[in-house]
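Both complexes below contain chain A, partnered by chain B and then by chain C.
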Partner chain A sequence: MEIFEYAPAPESRSIVSIRPSYDLFIDGEFVEAKSDERIVTVNPADEEPLAEVAAAGEADVERAFAAARRAFERVWSPLPGAERGKYLFRIARIIQERARELAVLESLDNGKPIKETRDVDLPLVAAHFFYHAGWADKLAHAGLGPARPLGVAAQVIPWNFPLMMLAWKVAPALATGNTVVLKPAETTPLTALAFAEICQEADLPPGVVNIVTGAGDTGRAVVAHPDADKVAFTGSTEVGKQIARAVAGTGQRLTLELGGKGANIVYEDAAIDQAVEGIVSGIFFNQGHVCCAGSRLLVQESIAEELLARLRARIERLRLGDPLDKNTDIGAINSAAQLARIRELAAAGEAEGATGWSPPCPLPERGYWFPPTVFTGVTQAHRIAREEIFGPVLSVLTFRTPEEAVAKANNTPYGLSAGVWTEKGSLMLWTASRLRAGVVWSNTFNVFDPASPFGGYKESGYGREGGLLGLEAYLNG
Partner chain B sequence: MADIPPRIPPRIPPRIPVRRTYKLYVGGAFPRSESGRSYPVTSSAGVHLANAALASRKDVRDAVVAAREAFPGWSGRTAYNRGQILYRIAEMMEGRRAQFADEVAAAEGVSAGRAQAIVSAAVDRWVHYAGWADKFGQVLGGANPVSGPYFNLSQPEPTGVVGVFAPPGSPLLGLVSVLAPVITCGNTAVLVASERAPLPAVTLAEALATSDLPAGVANILTGRLAELAPPLAGHADVNALDLTGAGALAAELEALAATTLKRVLRPGQDDWADPDPGLSRIRPFVETKTVWHPIGR
Partner chain C sequence: MPDTIPGSLRSYLHGLPGVDEVGVRRRAADLATRSIKTTAKRAALDLAIRMVDLTTLEGADTPGKVRALAAKARRPDPADPTAPPVAALCVYPDMIGVAAQALAGSGVGLASVATGFPAGRTPLEVKLADTRAAVAAGATEIDMVIDRGAFLAGDYGKVFDEITAVKAACGDAHLKVILETGELVTYDNVRRASWLALHAGADFIKTSTGKVTPAATLPVTLVMLEAVRDYRAATGRQAGVKAAGGIRTAKDAIRYLVLVKEIAGDDWLDSAWFRLGASTLLNDLLMQRTKLGTGHYGGPDYYTID
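== the complex of A and B ==
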């Protein structure tokens, strides 16, 4: 059947004005860094520089913590919860008002499709502030009263959902009366800096939110700061373990949201077309730069052939390219370093004997790109079945019985997410109750809500973000 | 050379202010009472303020129909969306502060400063409940550890159409305090405003009408409590009553409610100044639904 080609439908970037250079946001103002080091953030879709930001040094981090401590003691923690909440409501409203601008900025800096930033990231960011705003005066009703905030939270977030991860960190911390020093990822600092402007626009008291940009050294200085009462980190399991070691003995509270190798289990009675959609969104959503991605497809042997045929047909229809095009499904890989990691693991898949397949998919000449890829013939010993690839690469394994599915799904040091596809509710619940994973999606995948706790078992980290449980992470009982 | 007549400054007649008509709020529209009646409303000092619509039993029935029609849509919205709309009501009230404050001062005979504080508390009450919309379910519901291979989950659901008698002595803050929790959890409401001081209720209706609140979710009647209360309390399509402002009629209305076993919130010791009413006024207006499902392969 002949299909019509799509005309280009680019979202205009004129809604965004990016300054050539950004300072740090400390104590309510943009201040010049004491460190001379600068970082250039590029558009991963064309490798063009977008802006230069400061790389905060230890003296800068020190200044941010001092501001956060002052704000905590003098302004924020004494403020009644209802009034704290009203600041968060304001922030939520400004995010809603500036949603399109922030979506375009996020797509430029991160490389993810505008369809996702516009329809997923930004609505969830606003919702996260809205939800937590409402908790600020109700903590006692959540069984958390009389609730006492911890103090200053050191927060380090990743590049895959820059503004959403900021929201997941900042909203609960502020709602519960803490102040924050936040470091956005080295490759995606721009929406965090736009958020700093939003804090100003909302007249948030100075020092409640401090944003220090930088790379690994800045991150280490933030999480190792002795005045941090709480450390919250989202990122790789390797760095999470380093932080857990560093925090040991300090008495600082710690939550970690780390890597994953999520199993997406498809039983033979599943609604196949829906399952195919779920598998696609499970691994290709956000180019697979998702800690809870369904990166291991476990399909019941009796339907494997049919399912894979339909999956390939569906993947052939995915559109890879300009992140700002409204019809783009798969955008750019966030950085050259990440692209190298994906290539290295994909090569290991081939080398270890698995069979890779990608649709015919021309890649743009400039920028960082990787085609959607499916590996079959994967065994549990293969690196692509064990290691987090954090890219658009799906590893397919098969099973015969539910017990085997569960055993394979749990055969990983990670435990963040899993999916179960079946029309039989009792089997879904049986499977879900045996999966060692913090989030189990049934007949859907990669859905998020501020009311729903998110976080992992095992080496995917500890603590939960979102929901009633997410508040606990920022309170003394 | 002709004489120049002395210039006489033109007389500017004083501008006559446009007065507002205070009407009912039913199904998102502002009708007069079908009975064609009104009644004079005076300030706490006895000064005539306006004529308010004197609703009839037929207006009560029309309001219940509107509330019932609105129920599937409103209860079917996501809790988050309901919260957004309640917050929008706070925004709309904040924008009409001066009008509310004047009416509160006239109705309650309080100082301008006190009236401002009452308006602030009423605005903040909407913000408080906006936050509850997507949270009361997490506090009131949850999984039950039954001893068997079953998934078992209890969740609150709105009860339906709620008849609300607003407290007569607190025509704005009391009114908001009884209306907001009822609609927060997905119910629709037919509210009888303070008989003596109905004007803030009509002004609130005008704020509600511009807040994205779907038509019929809140219906506000002004008139005689003794005339409106029995048909509302006895109406078979009303699921629950808030008798807070029912005064001496409370027992009689509770007996009428028994005909269809309406849920009843009796008049209590309410402190409208308490900034944290919590779930005390949500709990009475939700049903708990428990779902069982087997677990097994």
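== the complex of A and C ==
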């Protein structure tokens, strides 16, 4: 019998042309940075350099804010909502037209599988622009009028969903009449720079969107700029706290979308096969580089053994490897630094007495890779149950009663996401109403929609992105 | 032989874990994006051909039509002897004699529908007589239908007893139990009917008669593949799955193979454990196979119409 094994099915990278070097995007043009510092962005799947980008210094950030302020006052805020909407619709359509190219570029720069960039990231990016384009001329009908835009928004985004986070930040800001200075993550700047080209293609007035690449210093200069009327940050809780301190007392508006340690609660009556799928997508989607990941599995003791057996069998089927292969389920870890962090926490899990398990899973020799891993025998006291790992590592805890499930789920400094798996509606509502998390998914996980507000409790941050609440965050009431 | 189910059938079947409709559809849609190219496609096409139950179940069937189809079952591509034969020919009971003669010595199985196919609305004695006659005439596989009315009314015992009786009447012939999932409607029902049929002794569970819409779908087949996988884990006995009706293109067929591979596992990737009930599908499989080998498509006239 011939064996039916999947042959390599790589998406062609020829659709993407990456320039060897990129400048900053300020006032509608790519301009050389005044700072001569450069950073190299690599493909995490093989460590090959992809391009060199500028690391913007304070003078560059200054220029970007001046351009954004000018555009805000002279062009963008006086523009009728319907006209702003036209630009956003245009951007959304160009994103759709260039979706394949952007998906490949995102996979190259980030390491995530093409299946996810193609089927999740890019459709959501376009959806965010379409959704907010529709609101631009209807703000008064959303109970938000007569509202005024805030001014210039300083936005710093992470590397886990580079283009999607850009869309979450830029689309609502522009729809409500604000202009932006955005800094993409240092390891994933390329799709933001492609977005800059899209702004040019859409004839967006100069200065409405400014993109300054760089690392931590650039980010600090952006969020600490005195001319920012609003600071929007998605990233680590540690940096979020620094920003909150810096912004305190300035009158600047602030939204923070930070870390998480989401609990995925599986009751004994759950649809078990679909719960297994939800656990897998909860923690292994995007290599676990998801702030709202379901990184703590709370399973009812009565089904724990059966569920874990099914979960292991399912994980054994995950295909790890070349992110551009259309059949890859798990791609590369985004950076050496992140890989080191994941390794450190996984080692702490073993050292503290939990039992780690990974499927037999050969890792590519080059690049940054970590196998999908499940820790059992985890207690609330273990570091792997408390700290955000931001990698493909699941901590499994058990519970006996719904009260215990809720108590354990809430016993974390974070509060971004949670999942509830049960076929019983009353139990689902009972549980969901007691979970202190910004998003509670029921019988599904990691599903997003531009109309649905997203944000956290406690150390997961404050403010909401998406939906009406997301618009409000960019308006003076 | 039927297993013993502890307690009442009803509490047993209703104690099976539920199936979340949104989740199962999502999983099926996700697997449908698998990209099967080059060597994998070649292997998949040949495997799919070997899994086909080439079917004609029409009131207008004649001995001539059945003989023509039998010739095609033995040698699907007259221009290419490397194309494998199909798994079985599937006909109505009165055509078994003709089919048996035409297939003699070929190794191709001979399946007959029985038990008052497709509705199954005949008395049990008639169903059993139908089955015995088919086996006596030379059928090596029997495709029976369950009493969907009894199932939906909650009379699981009646459905179970009919399957065990038909299984006994089959003798050495393999029994495929058609659930007619288009009439069972919910995935919970599909899962319960699958386990019911497996415990009652089914060698295969089959989605549909092909006479009801919807016939086979990816999510339904996924639920049935989970059932045979879990049933083997629970009892040690392996049973097969047959997806029948509405599978017309090679692309569709390959999606089913992906499902078999990723849900049930490689052990089921064999015509002994998975079948595709179809008629027009075979020509598309052959066309794609030729395309892979030669780089170009032959016109439809290069493939036999039956």
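Please note the rule applied: the second predicted complex is superposed on the first by the 474 of 477 C-alpha atoms of A that agree within 3 Å, B and C clash if a C-alpha of one lies under 4 Å from a C-alpha of the other, contacts with A are read in each partner's own complex, and residues count from 1 in each chain.
Operating definition for what follows: a contact is a pair of C-beta atoms (placed from the backbone, for glycine too) under 8 Å apart; a residue touches a chain by one contact, two chains touch by 3 or more.
On a predicted model such as this, the values are computed, not experimentally measured, just so you know.
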TODO: Put chain B and chain C onto chain A via the superposition and say whether they clash or fit.
DONE: fit
Open item on the list: I'd like to know which partner A:236 touches here: chain B for first, chain C for second, both or neither.
Closed with: neither
TODO: Could you tell me the angle at the CA centre of chain A between the CA centres of chain B and chain C, given to the nearest 10 degrees?
DONE: 70
TODO: Report for A:7: first if it touches chain B alone, second if chain C alone, otherwise both or neither.
DONE: second
Task: Which of chain B and chain C A:326 touches, first, second, both or neither - done: second
TODO: Could you tell me if A:270 is touching chain B, chain C, both of them or neither one (first, second, both, neither)?
DONE: second
- [ ] Minimum C-alpha distance between chain B and chain C after superposition, to be given in whole Å.
- [x] 15
TODO: Name the residues of chain A shared by its contacts with chain B and its contacts with chain C.
DONE: none
TODO: Over in the complex, which chain A residues touch chain B? Could you list them?
DONE: 80, 82, 85-86, 89, 127, 130-131, 133-138, 140-142, 402, 425-427, 429-431, 433, 451, 467-468
Task: chain C partner contacts - residues on chain A that touch it in the complex - done: 1-9, 115, 119, 269-274, 277-278, 317, 326-327, 423, 443-444
Task: Touching residues on chain B, where the partner in the complex is chain A - done: 79-80, 83-84, 87, 124, 127-128, 130-135, 138-139, 151, 275-276, 278-279, 293-297
Task: chain C to chain A touching residues, read off their complex - done: 17-20, 22-24, 26-27, 33-44, 46-47, 226, 257, 261-262, 266, 269-270
